[in-house]
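Structures incoming, each one as structure tokens.
In what comes next, subunit A is part of two complexes: it sits with subunit B in the first one and with subunit C in the second one.
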Partner chain A sequence: MVEEPEDARMMYMSPSLSSLDYFMESYQARIDQLNEVRNKGTKVVGTFCLFVPDEIIFAAGADRIVLCGGRTDTIPIAEQSLPRNICPLIKSSFGAVVDACCGGKLSCPHVQLVDIVVAEATCDGKKKMYEILPEYVPTYVLDLPQKPGSSEALDYFRSGLRKFGQFMEGLTGNVLSEDALRREIRSSNETRKLLHRLFELRKQDPPPILGSEILSVMQKQFFLAPNQFRQGVSRLCDEMEQITTEPRSGRRIMISGCPMAAGNTKMSDIIEQKGGVIVVEESCTGTRSFWDLVDESKNPWTALAERYLEIPCACMTPNDRRIARIVDLAKQYNVDGVVYYTLQFCHAYNIERLRVQQALKKEKIPMLAIESDYGDSDIEQIGIRVDAFLEMIS
Partner chain B sequence: MITVGIDAGAATTKAVLLVDRKIAGYRIASTAFDFLTAAKNLFGELIDASHIDEKHVEKVYATGYGRNTVTFANKVISEITAHTKGVYFLFPEVKGIIDVGGQDAKIIVVEDGNVADFLMNDKCAAGTGKFLEYTAKALEIPINSLGGLALRANYPAGITSMCTVFAESEVISLRARGVGKEDIAAGLIAGIAQRIVVMVKRMGLRQNIAFVGGVAKNAGMKAALEAELGIELFVPFEPQISGALGAALVAYETRS
Partner chain C sequence: MVEEPEDARMMYMSPSLSSLDYFMESYQARIDQLNEVRNKGTKVVGTFCLFVPDEIIFAAGADRIVLCGGRTDTIPIAEQSLPRNICPLIKSSFGAVVDACCGGKLSCPHVQLVDIVVAEATCDGKKKMYEILPEYVPTYVLDLPQKPGSSEALDYFRSGLRKFGQFMEGLTGNVLSEDALRREIRSSNETRKLLHRLFELRKQDPPPILGSEILSVMQKQFFLAPNQFRQGVSRLCDEMEQITTEPRSGRRIMISGCPMAAGNTKMSDIIEQKGGVIVVEESCTGTRSFWDLVDESKNPWTALAERYLEIPCACMTPNDRRIARIVDLAKQYNVDGVVYYTLQFCHAYNIERLRVQQALKKEKIPMLAIESDYGDSDIEQIGIRVDAFLEMIS
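This part shows the complex of A and B:
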């Protein structure tokens, strides 16, 4: 049973966390910092995917920001060149690049901050979009094996990473030493461990933070400097460990599926407005970004190749690792239901829905599938489904 | 205890009056523009037609697309839950529900009177009452005669387009080729039936399926679905009120 919406919103409001302000405030500081280091000759790399290892970029003395688009207003610009029926993330990202390079005012200043894009051969839509991207911004494409489970895949990916490392040396004029790589692996692992600490706190019932708040933090991960980001997460964890939360009756929800790039918070917002309690996100803006650590005891190139090939993205086949991860997370976080969220026309995640549904059914965990784009036109329809789903699992 | 359920649907508003869990009256009217006005008027009519004083109505529960606009309701519930409760009341053996309304189509899996799973199509008009409304217009016939017409078809036309706008132009080109009204009507209905049956099978439903919503009044549609599924469907005496009935039932059952 769903209370009238306004009551629901009041009921499920979590305590306000003042340390969240840090993430808002650090945004401008980061832009200033990037402009400053660029003026001193540091190269800034723009990426679009978790498969491009930050460690290699930082070890070569460059900086990086992730450029994935979550805004809807850059989509019409992209549709002047790209088909309409591809995923909104690709269109939004491409539109932002085109807009920035053609002197437009729409996009955030991010695109102007990068010297080069390091793209990756993941889904078909992105791959083909990256073929057009060099018209606007220099682009390097990191290749990925599609069947990550084999030893050939590992060898191939490791050699691809080394090649990418050499490319970064050429770009920056720096030597990418193994020591620097090890240092950056430790640094990235530190971020991952902090995020584990943050997510661990969400296992509480109820969690001391909203899913939409976590999403805004996770989106900042891709823009802020690592130490700047860690400082914020660390403060947030400290604050969350201090507060006590009032018991509440909302159902515990896991979101699983496509990334929610900055600007796109629709799904999390609707679930929480309807009274659902989001406790974990299995997505690139959730667990996929930090769940696995890089083995610090191994040769760094091998360790990186191993860890990054373990990212359970639906562009990989078979993707049993993701199915197992979802079931495991659902149990660990004691969820009452899973909202399987996909972006419209994202074939990989849309098709993988069936296998996820089958696995969850076996575990008697209810699942609601939602396919949506960045527009607002379906908010009401999604709301009806979420209402019904929350009633169903009550 | 006296309760009222109001289903503020996209096309029609429905209200059911329940006295001690027995249907004491119901009303159906077009929603027009304003959900709240439609709901208020219908509630008034329902009470006026009964011998009940409005003061004795203990609870009003609302459901349907416009449920949140029904400000005089004590509570809102989703259509999925409402239809399930309403249909289960009428057919306790029900395992699944096909609800085709003015704006969406829903398939609900029912387990012991509760929602076990559901699937909705509401992003486009294909497979909904709207599709029939538009295509009936293209056939120049009133929507109510579409089903009867279809039952008289000899060679149902193949309508391949499930997009409402394209189907309309397909109907016009069939007319231009001299295909009869009956055959076009049957083709349209078979097209929607196939689309709905895909959803039904996707949810693993086989037996004890109820068909509700405004489109369930269409005899041709019922026949086409039954032919595709190879079963007989349960259709309530008034297929449009199961949501409102369910809301009134939940209001009755939720004692607080």
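This part shows the complex of A and C:
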């Protein structure tokens, strides 16, 4: 039986990472900054998904923050309009918008900061929720082909990105130049490379940082301004490179599946409380956000379309790239097991689980599937299952 | 309180419609015919959705049958691979395929008849289920833009249809000529016009046919060959035109929402058992399948792309056409109330319910929302709610 340490950090890390404080401290400063630039006329875009390219938003002279909700307290508000049996991320996000726009008291400061939501046609739940959003906040929806890999799909998506660029020009009153777009592509690639450096450090055994700490960093990726985020990640890498960790017996775990929006750290917390060592997350709040770079040598619109269409999200069909990526990550990070995490009622990730399981089975990598919402009621039950899983792979 | 007649037909119809027997009797003959043409080399395509144009399949010299499942007994087989909390239609359909391909004993004869499945990227559940299908049956997936209305979306879909046409040429070894395509468009339009004639007769008060009878006819639309189906509908219309119905007090009901595949008649049965008079179904097994014609004066590929992309399915965003269609049908058919029917866990129709409800409220048309699976356990509860609804609108 795996023991339950009171504090997982105690088991294998002596120094806490002081550079993590940067991310905590940066929160209010960023809110203040956004208020300030908005007062000076800069438009702020709210996004919900990796498929909306930051590069286009920034190249048009706008700023952006992510609006994905990880809070539970906004869900009851959403359930007045949306079905209860849809994913908690969608309900939480929508509830935050409704609350903020109807003078609610939950004080989610993000919604009030955005001039427009730029959404995307990914999963059924989000796609249909976005149709109700315009009652509360102006909303632009970027269409996505669902079957990537053909030149026609690429053309369709590229034309959608160009249209979005024109829309951003209209919104901001700025010209979106190809030079600016190339500059923003370089900037985003810089962030991606830095995150590769951060994740590379997690290959150590044991890694010098907790999975829950990485999650709190990754949740800031689309909230902070790119230079602010890079400054924090760079400091963190510097600090981590100085740390020598003591070997320990915890099992190396990859989490794979749905994103964990700010406020939702349930799964990572449980795994680490049970003594599991999270070494990599194949998710939108993990590798999916930064793994692939945009090709700087190509026409920027084509390069953006190619790169973004290749995001291995389960909304795409078939999603062979994701299956291959998971197996590759499992090997690169020398994982002992994979925890497949699905937000409740997320059909795409839930059904794709079968193909992931089949692929991992071939490689003899054990997998535990967990489907959960944002509530507390299943924490104990998930804990028992994680415990059993860790014991099994010991 | 609305009375519960033992047989709804008794309340307002004297003669039973003998021409309905045609549809029952045609079942085995159609199976035999498909076996026969297959033995002679004709390819048979299995489809799951209105978005796959029959015209292209027939113009390439192939035949087709629908594979959507309405049976409950195939669901447990599906749940060995798929999550339980997805829509019963997807589970039922998938289970039938697995059972048929693995020598099961449920004797669903349809799957054995098809050479290939032609699927479509509509909802998350189906889209991801189709990725597992190739383990059992060859599968071709037609991509769909999710945001219709732009010239780019039309171009993308048209190019997808042309590719599908080329695929069908490869499968059958036949040339798919533009003439053949025009011929099949005329044929499908003929079916659509005939269904308009059938549905027009339901505007009578009371209509000379039950909703559950219409459903059993509509479920044959993509099973029978077009000329067989038309022969049956034509006879039925002839017979209905001769009938004089006695006025009665039942409330006129529109069902709107998810399709009811063969085997699933639960909702229509309950409404009619409770004395409701179903006069129109806004669904894939109702108006959605035939309401709009293909423009015969245009290039056939463009005309097909335009018509099929306008199918007001909830997988499209925004789906204003559906909202307008529902209000229009409610007025045309002089309905007293709408039963909004969602297959359990169908996010698209479930979330779209809000917009439908808002539109109907403006028109002061009452709506009852029912979400259900294929099981029996909620029949009594739904009955009570339908009863209360019928009483409310009396």
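Simple rule for what comes next: the second predicted complex is superposed on the first by the 383 of 394 C-alpha atoms of A that agree within 3 Å, B and C clash if a C-alpha of one lies under 4 Å from a C-alpha of the other, contacts with A are read in each partner's own complex, and residues count from 1 in each chain.
As a working rule, contacts are C-beta pairs under 8 Å (C-beta built on N, C-alpha and C of every residue); 3 or more make two chains touch, one makes a residue touch a chain.
Quick caveat, the model's predicted, so the values are computed rather than measured.
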**Asked** Does subunit B (first) or subunit C (second) touch A:E296, or do both, or does neither?
**Response** neither
**Request:** For A:D32, decide between first (touching subunit B), second (touching subunit C), both and neither.
**Result:** neither
**Asked** Of the two partner chains, subunit B (first) and subunit C (second), which one does A:E241 touch, if any: first, second, both, or neither?
**Response** neither
**Prompt:** Which touches a greater number of subunit A residues, subunit B or subunit C?
**Reply:** C
**Message:** With both complexes overlaid on chain A, does A:V141 touch subunit B (first), subunit C (second), both or neither?
**Reply:** second
**Message:** For A:P318, using the defined touch cut-off, is the partner it touches subunit B, subunit C, both, or neither? Pick first, second, both or neither.
**Reply:** second
**Complete:** Interface residues of subunit A shared by subunit B and subunit C, listed none
**Message:** Which residues of subunit A touch subunit B once you look at their complex with the stated criterion?
**Reply:** 1-5, 366, 378, 380-381, 384-385, 387-388, 391-392
**Asked** Can you list the residues on subunit C that touch subunit A in the complex?
**Response** 81-83, 85-86, 121, 123-125, 127-132, 141, 143-147, 150, 152-153, 155-156, 159-160, 163, 314-315, 317-319, 344-345, 347-348, 350-355, 371
**Prompt:** What residues of subunit B sit close enough to touch subunit A in their complex?
**Reply:** 65, 68, 75-81, 104, 114-118, 120, 122-123, 250, 254
